[in-house]
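Below are two complexes that have chain A in common, paired first with chain B and then with chain C.
What follows is the complex of A and B.
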């Protein structure tokens, strides 16, 4: 079951982005760990689709974590506390702790952004951006970027079916699947470009280039409180980040 | 209200189109622009919609007048540009091919219909009532919350038309709006256009053939090779001998050479379906859950042509896709020449069953027409040069021999459809499964198709075609099979 929405998607998206900024600014593993345990894990668990998000995080962050562990764990140049000497590679305490820090940060990034992206109510987000008077082209870019993924997937499936109907045999092995993927790429890209050109004309015929303020079919679910909250979040993050980055330099 | 005086129009220095074409449309008028493939009707529709093609290298000489304001074009780079936003507030346009017209940023049919008016700043509460009205007129109300990308072809077409209507234009231009619609859906669209027209909107409809029915007083501008050949009332157009320009009347049977009469079933059973049941996994076809099959029995013999009839969503396409393994039966069995389809890959069945998709653009994927058509025979195991030779011969048979090196996307709709058909002919399967083969075809192409289909049956092949075109089915098929809700109904007319 999908969780009940409390906040407007724009507020949720901003919170996710600001959290990523904070984790980048506060370059400490304790902070990353705290965010991971106190924010990311509860968010994933209560998202209503923890399995899919967990899988997506594992697919995206897993290889990154593994390569970070191998690279920094074995070949950290500044490492001095050697835990194991493997000839050209040395396992050092500094390398491991750096790998842990990087790994934590990557987990937080992927966890926060994927949870936000996979639970976001895109139509509501676009409606809110429109009601708030955002630039219509920017709203279109956000909307079509999200809409394009299922569109491309559908189109690729149609082309594969057409090719099969004309004699393409898709084997079961990974190599055969890769070859089928390559066969579908050229017509897919050409088809999408032709579509894009046609769509450009049709957007014109539907008044997209008009300069009056655009309106939205969906009602405005945003509240004044959340608007204030977003501004406060933004301001607090900006002030905190500036202070965090500048103070050590000033105090020397 | 809107008028065009075209001296000439040319794409990339190609042959001039719309030479000496004049069209003026008054409020509440219904004008049919009729013409065969490449007659220039789509170009005229785009001009009315304010698309002069200047951004794509086209050269237009003439004048367009909207609400008393005339814009002149001399084919020079300094020609004025039409502001699409201002133009769209007065002139609505529905192009061919519903897919390319979706905004791609709407998650529901309601938002898609509202896209145009929302661009023009219509307030939210008015938008909602506007969308509700238009959706009700086109029986789209139950679909308002559905994803537009998951609609069936007919539903998608009605959504795109609804979106143009919602802009409440003074002039509405529609390029082949009835293509692919069953009779009920086409009637819904015609009724909704009548309501608009009653409120003073001028309607311009481009069609490859003269319509069977149109509002009283409907006018026809007929084009052939880019030139006007008739301008007058529809009632007069019917007797004006326009068939010599490739403009037939919708609903007329195709002209068949008497010598090419199909001989009828005369050989072994090529296709056997026994008790076939099938349903799509939930969510695959969105709302189109009726497109499943139950207890379908069908047999097709060499020399036989069978027409598959039924409304949009009755399961015709799904049934056809069982013949070449694109769909696999959940229950029952499908056999080709006595060999059951079990786990063979779809590609391996292409040599036995040729499939024409309803949406041609799904089917074309190569760089040139010749490569496109030779793909099938090559995949079926012919040597490369043999595949190319077969492709050339097939293209000659459909009359496209001169276009071997063209890109399939450069061709018009009818030619693309014929390329798809040529690709089946070149592969040489015994069974043809054709999904809405006559949709959007002009009279010459429809006649050619009838000849090819009957010739294939005479040569020992078998054809099953899903179609809304009753006249075509009656002319070429030996029998019709009616599908409703995925079940075969008793035969409605054993013919020939």
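What follows is the complex of A and C.
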């Protein structure tokens, strides 16, 4: 599957984070909605994998939005405009508007960051971090963890099947669940620790702890222009946020 | 592990790192105090954008400073186990979250690393695992500082013997969970209006229907859920590490030196740790 890739991952991640910051700074539902419609939706559609990203956003944000709507829509003791009285629960206009504000913020937050993360190529990000001279231990931990996650999930599935073949049935009580969790996690952790100790020796033999600058197999896709663009984006966001937050205080 | 793999620990190189760790810790504490003491009036009306910005930058920046200060001091044996902890956190936390449980179970890896490799490695694992989890689930991102705190406290508890007896682990989990819940509540409130899973939100709704403010309700829910969650996590980790072969435990200088697992930690070593696995 071909993916849209115009900018360096670092630039895209920074742009996503700054957009989230702007939404937090402005803190109005109109702005959040505008960002959602004008930035997030086009970005998802043009990402080259709109279906996967749309599904991921729905899976991550959907339950949160629904539960937040239920929480603030039904239980908002500060609300005074009661739309419906249901005994202990009261539907209030203030609660609904608060749920809408938070819901829009959460949608932008999920949409922007997930689009950036899901179009991101982790090896490219790690290569950029190496080229920019980030701490090599950080690069190792991040890269290794991202690579390990599917491995851990696969191993957990295999161990679960093996234990089921030996007669593991997950009961309903909390103790039975705890026991089921342990029968899967214990062999999982032991296996992973054995792997880790082997990796420890291999890294040691390959000079992992030496402090010289690192090189990367992958070419540097970062450009001086993008480096400048990142600084400009940071500066503009910082100036705008300061102005937006301080002006109302100064002018009263 | 041979000492040739540990990094040089000249005091000149250590000082700025200690400074970073101290700054990160101070920033997190200051953020928490600011959110709790200065801002509660804002919750009744609408959200102050200042509060959510402070919670985002204070906790994320504090977490980043902590990681920046801790990482260079860690040994290779601690470093290789950190990705494992991170992957465990994310894999198990994702399952617990998608099942809509009232507890999170997303700290098993952090506590495991903290028990084996010490408080510093635990704190870095907690912060990094939430940062990486943010790539799959952005809602985990702002809780990075809370996760670092859990790792730090779990490591300190392990150092002082909380994992030498199986009945001590849930007690330590209760204390660590209560502190973690206190710290996580303002983040949840100011960033997302306390949105969580259906399970946790049902608990908040109960307190809200009694007329509690959102921060108070979320703090009570955090105290409840996090305590129960950490009790379960600490017990699970204790049972896992007891089942580990001695060879696997002995490769960690922290677990060996402080006899974290009591008689199970392998041979006794008289001299203190090389300083690499201790928090500054």
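In the analysis below, the second predicted complex is superposed on the first by the 215 of 252 C-alpha atoms of A that agree within 3 Å, B and C clash if a C-alpha of one lies under 4 Å from a C-alpha of the other, contacts with A are read in each partner's own complex, and residues count from 1 in each chain.
As a convention for this text, contacts are C-beta pairs under 8 Å (C-beta built on N, C-alpha and C of every residue); 3 or more make two chains touch, one makes a residue touch a chain.
Because the structure is a prediction, the values reported are computed rather than measured.
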- prompt: Of the partners chain B and chain C, which touch A:161 in the superposed model: first, second, both, neither?
  reply: first
Query: Between chain B (first) and chain C (second), which, if any, makes contact with A:208: first, second, both or neither?
result: both
Task: May I ask you to decide whether A:181 touches chain B, chain C, both, or neither, giving the answer as first, second, both or neither?
output: second
- request: Scan A:190 for contacts with chain B and chain C and give back first, second, both or neither.
  value: both
Message: Applying the document's definition of touching, compare chain B and chain C: which contacts more of chain A?
response: C
- request: Go through chain A and flag every residue that touches chain B in one model and chain C in the other.
  value: 140, 144, 147-148, 151, 186, 190, 194-195, 199, 203-204, 208-209, 211
Statement: Contacts from chain C onto chain A in the complex sit at residues 1-2, 4-7, 44-50, 52-53, 56, 67-68, 71-72, 74, 76-77, 79-84, 86-88, 90-92, 100, 108, 112, 124, 128-129, 132, 134-139, 141, 192-198, 201, 204-205, 208-209, 211-213, 232, 235-236, 239-240, 243-245, 248, 251
- line: Within the complex, chain C is touched by chain A residues 21, 24-27, 60, 63-68, 70-72, 74-78, 88-89, 98-99, 101-102, 105-106, 109-110, 113-114, 117, 120, 135, 137-138, 140-142, 144-149, 151-153, 156, 178, 181-182, 185-186, 188-190, 192-197, 199-200, 203-204, 208-209, 211, 241, 245
- prompt: In the complex of these two chains, what residues of chain B are touching chain A?
  reply: 49-51, 83-89, 92-93, 95, 97, 99-108, 110-111, 114-124, 127-128, 131, 149, 163-164, 167, 324, 326, 345-348, 350-351, 355, 357, 359, 361-367, 375-376, 378-380, 409, 423, 427
Query: Which of the residues in chain A come into contact with chain B in the complex?
result: 122-123, 126, 130, 136, 139-140, 143-144, 147-148, 150-151, 154, 158-159, 161-171, 184, 186-187, 190-191, 194-195, 198-199, 201-220
